[in-house]
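Each of the next two complexes has chain A plus one other chain: chain B in the first, chain C in the second.
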Partner chain A sequence: MTKPLPPGISLEQFNSAISEMEKVVGKAFVFIDDVNELRSYRDPYNTTNDADFAPSAAVAPHNVEQIQKILAIVNQYKIPVWTISTGKNFAYGGPAPRKPGYIVLDLKLMNRILEVNEKHGYAIVEPGVSYYDLYNYLQEKGIKLWIDCAAPAWGGIVGNTSDHGAGYTPYGDHLLMQCGMQVVLADGTVVETGMDTTSNSKTGGLYKYGQGAGIDGLFTQSNFGVITRMGIWLMPEPPGYTPFMITLENEQDLETVTDLTLPLRLNQVIHNAPMTADLLWEAAMSVSRREYYTGTGPMPESHRKKMAKDLHLGIWNYYAAVYGPEPMMKNNMELIQDAFGSIPGAKFYFDETRKGDPGWDYRVKLMKGEPNMTEFSLLNWIGGGGHINFSPISAADGKDAMKQYKMIEKRAHEYGFDYIGEFLIGWRDQHHIFMLMFNRMSEEEKKRAHDLFAILVDDAAAMGYGEYRTHLSFMDQIANTYSWNNNSLWDAHHAIKDELDPNGVLSPGKMGIWPKNLRGKA
Partner chain B sequence: MLTRRTFIKSSLATNLAIAAQPGLALGLSQYAQEDHSLLIFSDETSAQAQQFAGQLNTPHSNIEKDVGLHFDTFNRFHREQPTGWITGLTRDSDFFILEQMAATKGYRTVFSAIHETNNNTVTHQVSSSVDKAHLIADSLAQSLENWPSWLANNITSLAHHELATAQANSQAGSSTNNEYLVSWLLIPSTSA
Partner chain C sequence: MKKLLTIALSLLALTACDQQPEAKKVTESDANKPLPEVTSETPPATDNKLSQRSGKVIFELHCAGCHDPGDAYAATKQLALVRGKDLAVILQRTDLVPDYIKYVVRDGLLEMPPFRPTDINDAELDNLATYIIDSAKAYKAKESK
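== the complex of A and B ==
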């Protein structure tokens, strides 16, 4: 394949820009060899052509000063850069850029843990710090703080937080736990947010707002700047931790369990975000589809039932935890058992009765912020599994959960795919993650998955649901569903973009935000 | 109750100091061929993967389900044996993760093959250079139940330097069923 060039840039201009970048970061940190270097900046799970998201180069700066110099170069040549931190958000595009030819601005070398404050429970990290890095650091130093990691945990704290990712401890709303950031704007200006902008600040990691407009959120799921540092609150290690699982026998139990959860969640009886995972999600941790069904299309009900029985799983499987001193946990667990015990057929499991089950073991780790990679086992459900995630938000309401589930399941079956999904109840909302899994070796299956995803966006929008995050391929389509008042929100995004990045060099097209020179041309 | 876990066997130079994590019994040995130290991963739930690792003369194994527990092993090998090669016969997800990690450290995939067993027939789908793919697939099929041993004996000579690959399928009877494994070889770009 011929390597793409940045849009509107000649080979001579490209080579000249690359040469200037090499002077800034060193030749070893500018990557242009498509075979040996740039393959790690592709999206292995994309559902279209590999070339659609192929970068022309990648550059890895070591510090803010180098970022400023790189931005000066790309502004001069009007070359788009696509910023990544660890680039591991597979299912949403991984490290690949929105359009071919962009240069990836890879912040992996900026991987310092700048501060951990055990007393006040926060850390300040650079974008290249992964969940594993921070966890290992805390373990090595004996610091009694927990991280809250994504599953899988090879991703980065800054990247996941700025992509509005979620975790599984009581600190699972990552952006809510973010406190202060440093950003480099397109013109090279460095901005600190919150309290760190005062001289001799000692409260940057403690208080989020400072004085004036809070602008941290502007730099998340956007392309208005390059985040180079972030504060994140960490949970003090609690005196006790009781994870539990409830298996539910009937499809309709999703409605009941969701409605029973909301008051327990609002009143902090359940401390973390409970997950309700479907049978196949859980089964895929232990078995593959072919062990139960070798036919085509969605797995038939009879096979599902046998699998559920063999693996002691429910049609839905609910996971949550309580944290704190023993009397508090005991009290909360009594309330929880009273509430959910009313569901016919519901079975409770604890570590004594479930340990050794890969599905249980990895959830137990996640709910206490212990990084792992077990969730990737899901990809073995089919051979050569790839996936993109369809992630609509709804109220934490049983009827909404059922409505979304039935809509997605029906469409998935119509297109020949299994429904594999989970619901995560936040503070008042519910994230629904439908893992659209396909054989990444099959062009036909990839196209079918792509078509299914596109129609799900429209179906969900018609029902009043929007997605919280998405793959590169669908950023524009989903942006168009946030269209109230003649797209006034996106008009506001574009006004900010034009002001802060007039040459349109920073991550053009990220989440549907385009600079004026490329707007309407995607 | 549960039947499947990810088991990974890793081996590397005996003199490497490994800080084993709780619950792990990391096994260490050295397998060197053509001056390349080799780090080996295998899925321990699979008899085929065990045959593969056994043929490479690795007497120890570790048993668990999370490839993340091996990131330290991987990183240490890369640091201490920068010209070393990495191979495996694993679940697809484990290969995916290791391949992605390796790519960020300058490794490239120079051989991979899918070994899929259905209805007591194993199909070998080999990705290699145009002149080699069919030969490799046929050799695997002709090795019948011993294809993992053939693979182990030849893995380091299967590297090819073209990314444009040919795929070849070959089938043979198998006593196992419903398995999907991937064999693979990663080498540092500087070795290519």
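== the complex of A and C ==
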């Protein structure tokens, strides 16, 4: 394999740029060895080839000043850099860049927790801080604040929030809880958003907007700047916490449970984002597919039924929690039990009746912001680890949930894959995550998974559903579904891109946003 | 800072401008403007030194989430299934050699993704391999008593 190089750059220019970067960050923090170093920057779970996303180098700055100097170098050479923070965005591309030859701008070593304010409930962190890091810090210092982590908690606050990730406590809408950020623009200018721009500000972590245009969102799921610090609100540890689970026996119960949830959620009777996970998702926390079925294609109904019975799982499994003083939790739980108790066959579980089940235990941890990695058990389902998430948004409406589920299940089965999925009810929306699992050692399976994903994007678009986030391979296809008024939204993205980053050096192609020199050439 | 802000906002106003971007002179004090109300001690900016964390610290941060013993740990469960119970728990295995451990950490293996040199640097990877092997030896010695 020949070394991938940045597009349009000769080996001589590349070496010269690398040598300049080594002067900025030190040789120990520039990685160019394709085998011993850069293979760790690939997305092992991709559906095509590692070479499609192979970087030419990675550079790891320690501070803002080094980022400014790196950006000056890449602007001079017109070399694209791909910014990552903790690099754990797996199922969506991990640390790998959109195109071969980019240099990864790896911010993992900028890992300071700059401030934690216990009284007002927020933290300010750098991009390399993982959920584990912040959690451990709060524990060590005895600070009574909770974090809200992604399910595999080795990811970080800045990366997950800026990719519009979600969590499981009442603070689960991460971008909603973000307050203030510092960004380095392509030309090296440092900008702070919101209140931190005023002199002697004491409210940067408290009030999101300030005067003038709110621009924080511009730097999320985009390539308009490099986020170098972020404020995130943290929930005070509540006096009480009651997680619960409801198992549901029938496929159609998805519709009922979704419709029953909406008023409880909008009125904040249920405080966090309820999850409805299908049988296989939950089963995968305890067993692998081969323990119940060794044939090919989706697992047959008879095997599914046996597994559900053995593991005391429903066809759907609903998780949520209430938080607060005892009388408030008791009151809310009565309303919840009245509502869901009406579903025939619905069974309630609590810690007393479910503790020790890995599926229950990790949800209990997630809903109180305790980092863990149990959800990686999904990768054991068929073995081989390949996975990619198809993530359409719908209304928090039972009919929509059923329509999406039936469409995806039918297509998944047609392509020979299991449907493994979960629904998360945010506020008025519903995130549907279809976990497409495949054996990454099988080229045939990878191709089949890739083809299935591509057709799901089109099917969902035809039904009026768009995705909230996606893998490197499908960013352009999904961007094209956001097409109203002759793609005017993407035209606006591109106008901003061209203005802020005229040389197109920052993460070209992120979410389908391309600089003018590469537009239409992907 | 005010001047920088003016520049930033004029850029955001989407005025037509086709000039080459020129890095503005931002001093370290601008870039690392002190934050208000620091209720916990703000750490100093990290320098260009490689971290030197012990194998135990690295294991607990990056490996234990999947490799600790028990049903909640994905890798332990999968190893028990495909390799058998005796090879399920990494810290109890005496069949592993440092080069193999280091290769798997950097390259990934099936369900496990690779770890970058910014997650675990080369010296720390040596520490990790030693820690895993020493822990397994200690476990076996205790077992055989």
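Going forward, the second predicted complex is superposed on the first by the 522 of 522 C-alpha atoms of A that agree within 3 Å, B and C clash if a C-alpha of one lies under 4 Å from a C-alpha of the other, contacts with A are read in each partner's own complex, and residues count from 1 in each chain.
Going forward, a contact is a pair of C-beta atoms (placed from the backbone, for glycine too) under 8 Å apart; a residue touches a chain by one contact, two chains touch by 3 or more.
No experiment lies behind these values; they were computed from the predicted model shown.
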{"item": "Clash-or-fit label for the pair chain B, chain C on chain A", "value": "clash"}
{"item": "Which superposed partner A:I124 touches (first chain B, second chain C, both, neither)", "value": "second"}
{"item": "Which superposed partner A:S286 touches (first chain B, second chain C, both, neither)", "value": "both"}
{"item": "First, second, both or neither for A:T294, with chain B first and chain C second", "value": "first"}
{"item": "Chain B versus chain C as contact partner of A:F219, first or second or both or neither", "value": "neither"}
{"item": "Touched partner set for A:H312, first chain B, second chain C, both or neither", "value": "first"}
{"item": "Chain B versus chain C as contact partner of A:G384, first or second or both or neither", "value": "both"}
{"item": "First, second, both or neither for A:E499, with chain B first and chain C second", "value": "second"}
{"item": "Touched partner set for A:N36, first chain B, second chain C, both or neither", "value": "both"}
{"item": "Which partner, chain B or chain C, touches more chain A residues", "value": "C"}
{"item": "Which superposed partner A:L185 touches (first chain B, second chain C, both, neither)", "value": "second"}
{"item": "Colliding stretch - chain B into chain C, listed as 25-33, 133-141 or 169-177", "value": "25-33"}
{"item": "Chain A residues contacted in one complex by chain B, in the other by chain C", "value": "36-37, 39-40, 44, 108, 132, 152-154, 286, 288, 290-291, 358, 361-362, 371-374, 376-377, 379-380, 383-385"}
{"item": "In the complex with chain A, residue positions of chain B that touch it", "value": "1-6, 65-69, 71, 91-94, 96-97, 100-101, 103-104, 106, 108, 114, 116, 118-119, 163, 178, 180, 189, 192"}
{"item": "Partner chain C, residues of chain A touching it in the complex", "value": "25-26, 28-29, 31, 36-37, 39-42, 44-45, 58, 60, 62-65, 68-69, 71-72, 75, 87, 90, 94-95, 106, 108-120, 124, 128, 132, 141, 143, 152-154, 185-192, 196-197, 200-202, 204, 212-213, 215, 286, 288, 290-291, 358, 361-362, 371-374, 376-377, 379-380, 383-385, 440-441, 495-496, 499-503"}
{"item": "Chain B partner contacts - residues on chain A that touch it in the complex", "value": "33, 35-37, 39-40, 44, 88, 108, 132, 152-154, 286-288, 290-291, 294, 311-312, 356-358, 361-362, 371-374, 376-380, 383-385"}
{"item": "In the complex with chain A, residue positions of chain C that touch it", "value": "1, 4-5, 7-9, 11-12, 14-15, 17-24, 26, 28, 30-33, 35-40, 42-43, 45-48, 50, 61-62, 65-66, 71-75, 77-78, 81-82, 106-108, 110-119, 121"}
